[in-house]
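The letters A, B, C and D name the chains in turn, as written, and every chain counts its residues from 1.
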């Protein structure tokens, strides 16, 4: 039995080494051209500067090309309820490759996409989510902002998006 | 130690045989006449051909008579947010045995089914989901399409459904 | 008031044209090198051939680099409960850049990641999910298979993954 | 028509002014001493520096005293599946005012809290979530890290927490 335990220990150690190796080596994990954290932080900084300029505390969320969260910041005194909304705005914009303002216009009662907001586990269909398009004209993600009026939100999102557009 | 390993090996083999037998034998698993994968793939192919003809990248989902996903394809550049919507359109159509366009008309503000879209974990109540009816006039599932305008979506769904209607 | 209605009609038409244009033109929607539908269908075909060879009906799901569903097939008589499992296996593999078998080993009681399966809305921590690595050694997604024993599932997933590896 | 448009414009302005006033004035929105965004960003920076030092790309999430997300960063090539896990680790640590390592020990099979991980919409019960305690010895939030082995995760979380402990 002692041998048995030793073998298990050796096997576990091998597994641990293996997984550590797997982290450091192996195939490339990210598609070339996808949004980097450095870019996302530039976006956050630009958006935050705009929010400070208009004196409205904001939640700011950035997703990459796959729609997965890359960076987030909630400014002091910003709405707790806007954590989720800012994230949903970013994901919604990337999910349909348009601003949440444009999607929202088509989702009003009587319009073609009325009711779309209950799909995808809940979408945000009001202004404040905009696409991130890089200088090669490729969509690399989206930024969502929530905390003020939707026009204020969108102005902050656009300030963020502008930071990586050119 | 050798005995111990042998017993484990025997137990594992017994388990494997059991599960393999369960898969291969026993009662028939599927209702006669239910949608086959071969049919679903014919539907996908016909829908995709229509989508290519109108130059709109689409998400296409096919469910069987039980409302369970049978086949799915997301064309290149099609909306990420339409994965869920195409699946919900197919499920919604089969769930109420009507097109999502017809259901949507009854779900507008002031109409009898206003608010139905929040039931069933979220329904799609705009055009693009249509029933699959076989040549014996039996509902065998539904197809849901999302990626363009709702009229474009529905035209692609109808092209898919036509492929098994006769 | 007639003028008012006319203006709304004009505005809506403009919006529709705009959104149609937005679909056809604008920035590139997909990162270069991401999994294509053509590749996903080659994977499905190879996996299905393997499943037929071992006579086990399978659910097969393919996700792209962002972890979003690209293609899916449920073979006739395959488990309904494996629709979700195959999708979760594919997403889990991509989410942690390892096979679900490797992740599962670390998630056993007493192991470092015990309990990880309740995160991310539910993970699949048993064999059958494997990474898709292209010929440039970049992770471009994952394939998840469910329907037989986990060894059978994994053999089918590996057959699928092999189809785009070289 | 002119009167009609004027009334709409007035109503919209009133609404905007109202919402802007609500943001700028009224009661103080945040508890004195709660985690600030500036502190959260210091934590992120310290954690990221540690992650770079040990060469493991990490997801890092920071929650405040109320358990709500304050800041987040996903380093390049870090696991997509760790977005949720890092957030859950931070929330779990603050929810029980202990490290996720400590909670996990009590949640093993046979231990008093076995099964706790399925409560609260899913908890993280492995190492990598640690409390944030300020220089006045008050819990002001938690940081959760995921991306490497749980020991690596925890070392990065501790590096982050140290940055505000004084």
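Miscellaneous remarks
Following the convention adopted for this analysis, a contact is a pair of C-beta atoms (placed from the backbone, for glycine too) under 8 Å apart; a residue touches a chain by one contact, two chains touch by 3 or more.
These figures come from a predicted structure and were not determined experimentally.
Chain centres here are Cα averages; for subunit A and subunit B they lie 29 Å apart. Subunit A and subunit C have Cα centroids separated by 20 Å.
Subunit B and subunit D, compared by their mean Cα positions, are separated by 38 Å. Residues of subunit C in contact with two or more other chains: 19, 29-30, 66-68, 97.
Taken as a graph of touching chains, this assembly fits none of the simple shapes: it is neither a line, a ring, a star nor a complete graph. Working note: touching chain pairs come out as A-B, A-C, A-D, B-C, C-D.
Of all the residues in subunit B, the ones that touch subunit A in their complex are 1, 4, 79-82, 84-85, 88, 104, 107-109, 117-118, 122-127, 149-151. Put simply, subunit A touches subunit D in their complex at residues 16, 19-20, 23-24, 28-30, 36-37, 40-41, 55-57, 66, 68-77, 80, 83, 147-149, 151-152. Across the complex, subunit A meets subunit C through its residues 15, 18-19, 22, 26-34, 64-68, 97-98, 102, 105-106, 131, 133, 136-140. Chain contact summary for the complex, subunit A toward subunit B: residues 1, 3-4, 66-67, 92, 94-97, 109-110, 112-116, 118-121, 123.
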